[in-house]
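Two complexes are shown next, each including subunit A; its partner changes from subunit B in the first to subunit C in the second.
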Partner chain A sequence: MSDIKFTRALADPDHALKPAGRPGPLGKPLVLANDGLPEEEKAWFCDAYPTASGPYKGILENFLNWARSKSLWILGFGTGCGAIELRPLMTSRFDMYRFGIQPRPTPRQSSVFVIGGYASVKTLKRIVRSYEQMMGPKFVVALGSCTINGGMYWDSYNTINAIEHYIPVDVYIAGCMPRPEALLAGFKELQRKIRRGECEGAVKYAENFEWYKANQKKVIHDWNMPDYNY
Partner chain B sequence: MRTIPADIAERFEVGPLVSKRADLSTLDVDAKDVPELLARLRDRHGYRHLSFVTATDQIEEGVFVLTYMLHNHADNHSLGVKCRVGRENAVMESCHLLWEQMWTYQRELKELFGIDFPGSPRVDESFVLEGWIDIPPMRREFDTREYSERTFPTRPGRSTKDPATHMKEKLYPEAL
Partner chain C sequence: MEPSIPLRIAYAFASLAVITVYGLLLIGSMARISAKVQGRVGQPVWQPFIDIVKSSGKRNSISHGVMFWLGPVFRLAGGVGTYMFVPAVLGSVVFQNFSMSGDLLLVMYFIFFGQLGMALGASEGGHPYSAIGVSRGLAQMTAFEVPFALSIISIAVQYGTLDITKIVMAQQGGFLNWTLFTNPLAVVAAMIAFLGMSGHNPFSVVIAPQEIPIGPPTEYQSNLLGMLQTNRAVFNGAKLVLYMNLFFGGATNVPVMVVKTFLIYFVNIFVGQAFPRFRTDQAIRFFLGVPTLIGIAAVVLFAF
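The block that comes next holds the complex of A and B.
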């Protein structure tokens, strides 16, 4: 645990984690405060920080990255209107299975999280929870204008503007809506990035955990889940 | 031409029946009479279906206009019962005993407009917004753009340059 580096400054110190969560003296484990949970539930959940595993280099890692790029399992969680474009991908016309892409029902089984368009604050809470439950290496594809700059909901009171402030994103697919062809192009780009070893979102998330967490807590006011939902 | 039924006209102080379409009319009524009027319309005049309940924010007049839209399936007619509630500490009597689905609308109105319905089931729980801490967002004094800019960080947009000014800066900086 002692190798965690906090490389980026906190966006808003007022919403930072409690000092109890900061690195202690040598040898003392880092502990998350889990302030959102009732006292009797704190024992049920993990209170450890995420650990950065990697990035790894070398021949074996290249082989593993090739294998990962050929077996992209999408989390079946339609987070916005863009999820409707995932359905045609499964049909014979676009046939995403030929690229090794298939939907999975739980975060534990999947490696790709497709953010399907706008994310309201209520959905963002579920996105964060699902993303943290996914096992690394995990990749995020954000589709639609809404994930990039808010899109048509840029001035909405309930819709976030840039998803990358809350979870790391590997590939953006622009469009409103992006067509299934654009999605396939995005997945191909994701495969290329994975093979180049550039998709280290989970490492980035662990290294900048406090920055992401501060951003998340700034918009999610009723934080009634663990600080890290692994 | 539809007219207000005699038993309603003599019991309640109702405004004129405004016909919007052949199958849609509205009726203004005092807020305190609404539950009795709705019950009478439902039980005696065939308006058995509650389509929706909504509010409009008339900020210039300092009132919310609540519209209870009822439908009569027998003669295919919708009737909107409208009443006015003051914007400050807006409270309206709950009608959830007439139609069970009414409490969902009332919970929504509580959250998005801040109109309270004492006694309505689960009216204080959050409906679509979780952990909302500002004024209710559908009130017209709520500035959604200002709130969005204050709350949600955005990515910096592209910067563009006017070609004429740009070339003038590069070629003739002394002229500026």
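The block that comes next holds the complex of A and C.
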């Protein structure tokens, strides 16, 4: 059953947009009034939409893209077993600092979000919150087979299959687990993509906000946070 | 001849630009040296420049209110203020800054002004880690201020003045005239305080930019973070120039200034790579122990 569901969701994005009991055809905004929150808590959170800033072009933007590619700050949030492969990157054997990559503890300051393997629904909630709190332009590297199609957790009751249904992904690194060398290769590829100006995930997220939000709400049933966290 | 006011302002900006670039290069090269000690290649020397460009080039930014914006402004004002009242190069028209207009007490005030402003701004962010960082930072600052202030009192008594230019002038004419040799106890106390001020190991728990308790700048992002990074370079440069003037004979030209400040900053790396990190309570106990006694000894030696 789950394979049918998965392929249909990939082939027909509209399908994923129609969760049970929640209307909203593509392009038409859902009612985003923090509707999962209790009445007295609604005033604590904003209920604004993300705004798409960019993509920009020109010499200045090329220069900024170069700087962005040379200064990748990873959000230090290990979302799955693959996060264990991030640690060796700091050691003298792999030394990611020479590429301008360094870890950063807060989503406000980081620019790369590494999804470390399978994402359980509970983690997905935190992934969405962290991703939305990052400042654009922001990049997502999805690590391991689990983020691409579920991998060995393909028919698990509690993990999601394709992370790109919930947040936009720039680079996938296949493997179970990919070794640190593969991670470095992935980061180099991300740098090339940023320099070419192809990493506009934040813009994509803002433009297709309803689609992403509907997908997220389809799997996260205890939605007790603002619809857009920033 | 005394330069006119607009010319002095232009010189001040030039001097500030030089110290910013130099401070950033210093941070980058020290990170590279640390990497070599750890057997790594390390980040490029110009990485701090790229980081600032990237932070300032972010497309969106959030605010938590007026005080949140003012925090980095106060911090930058503290860094620039510290630098502006210290003669970077003695006798140079461009690099003497406004050293005739302020004295040591004003500079000491500016050193702590930035941190207090940042504490106010960071608290406005509302993040619990900001509050933890602020309390750690202020506690450690209060502790290292004691040996630093005692050392300053000692050299003020020694030279009979609080004017930095006069203190430097008194140290000219051979390296045996430096405070390092005429008042070694004060220099030892001040250098230990300097380790705390710079925030390298063993006193790096206040601002650990790559760890979960990142410190006061938890909520700062985009251009505000770029401002804080710039200030780090200016403030480092200002402190180094101040220390060079007070304890190591000052500088009469730019190359001497560069060599001396590099070596003073290198003490941080030398100690930091050899010793593990203190917790905040351990750091406070440390500063209020032997360094304070050394500072008191320095004062007693010259006061009586």
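In this section, the second predicted complex is superposed on the first by the 199 of 230 C-alpha atoms of A that agree within 3 Å, B and C clash if a C-alpha of one lies under 4 Å from a C-alpha of the other, contacts with A are read in each partner's own complex, and residues count from 1 in each chain.
The working rule: contacts are C-beta pairs under 8 Å (C-beta built on N, C-alpha and C of every residue); 3 or more make two chains touch, one makes a residue touch a chain.
Only a predicted model underlies this, so the values are computations on that prediction, with no experimental measurement involved.
Undergrad: Could you classify subunit B and subunit C on subunit A, in the superposed arrangement, as clash or fit?
TA: Taken together on subunit A, subunit C would fit alongside subunit B, as the superposition shows.
Undergrad: State whether A:K213 touches subunit B only (first), subunit C only (second), both chains, or neither.
TA: Neither partner.
Undergrad: Taking the superposition on A as described, I'd like to know which of subunit B and subunit C A:K204 touches: first, second, both or neither.
TA: In the superposition, A:K204 touches no partner, neither subunit B nor subunit C.
Undergrad: Let me test your reading of the model: by the given contact rule, A:K70 touches which partner, first (subunit B), second (subunit C), both or neither?
TA: Second partner only, subunit C.
Undergrad: Classify the contacts of A:P137 with the two partner chains as first (subunit B alone), second (subunit C alone), both, or neither.
TA: A:P137 contacts subunit C only, not subunit B.
Undergrad: Is A:N149 touching anything from subunit B or subunit C once the two structures are fitted on A? First, second, both or neither.
TA: In the superposition, A:N149 contacts subunit B only.
Undergrad: Looking at A:H221 after the superposition, I want to know if it touches subunit B, subunit C, both of them or none. Which is it: first, second, both, neither?
TA: first
Undergrad: When the two complexes are placed on top of each other via chain A, what is the minimal CA separation of subunit B and subunit C in Å?
TA: Checking C-alpha atoms only, subunit B sits 25 Å from subunit C at its nearest point.
Undergrad: Over in the complex, which subunit B residues touch subunit A? Could you list them?
TA: For subunit B paired with subunit A, touching residues are 126, 128-134, 137, 142, 144-145, 147-149, 151-155, 157.
Undergrad: Give the list of subunit C residues in touch with subunit A in this complex.
TA: That would be residues 31, 35, 38-44, 47, 50-51, 53-55, 57-62, 129, 209-214, 217-222, 225 of subunit C.
Undergrad: Tell me, which parts of subunit A touch subunit C in their complex?
TA: 51, 53-54, 63-64, 67-68, 70-71, 76, 92, 95, 97-98, 100, 102-106, 108-109, 111, 135-137, 202, 230
Undergrad: Tell me, which parts of subunit A touch subunit B in their complex?
TA: Per the touch definition, subunit A meets subunit B at residues 11, 121-122, 125, 148-150, 154-162, 164-165, 215, 218-223.
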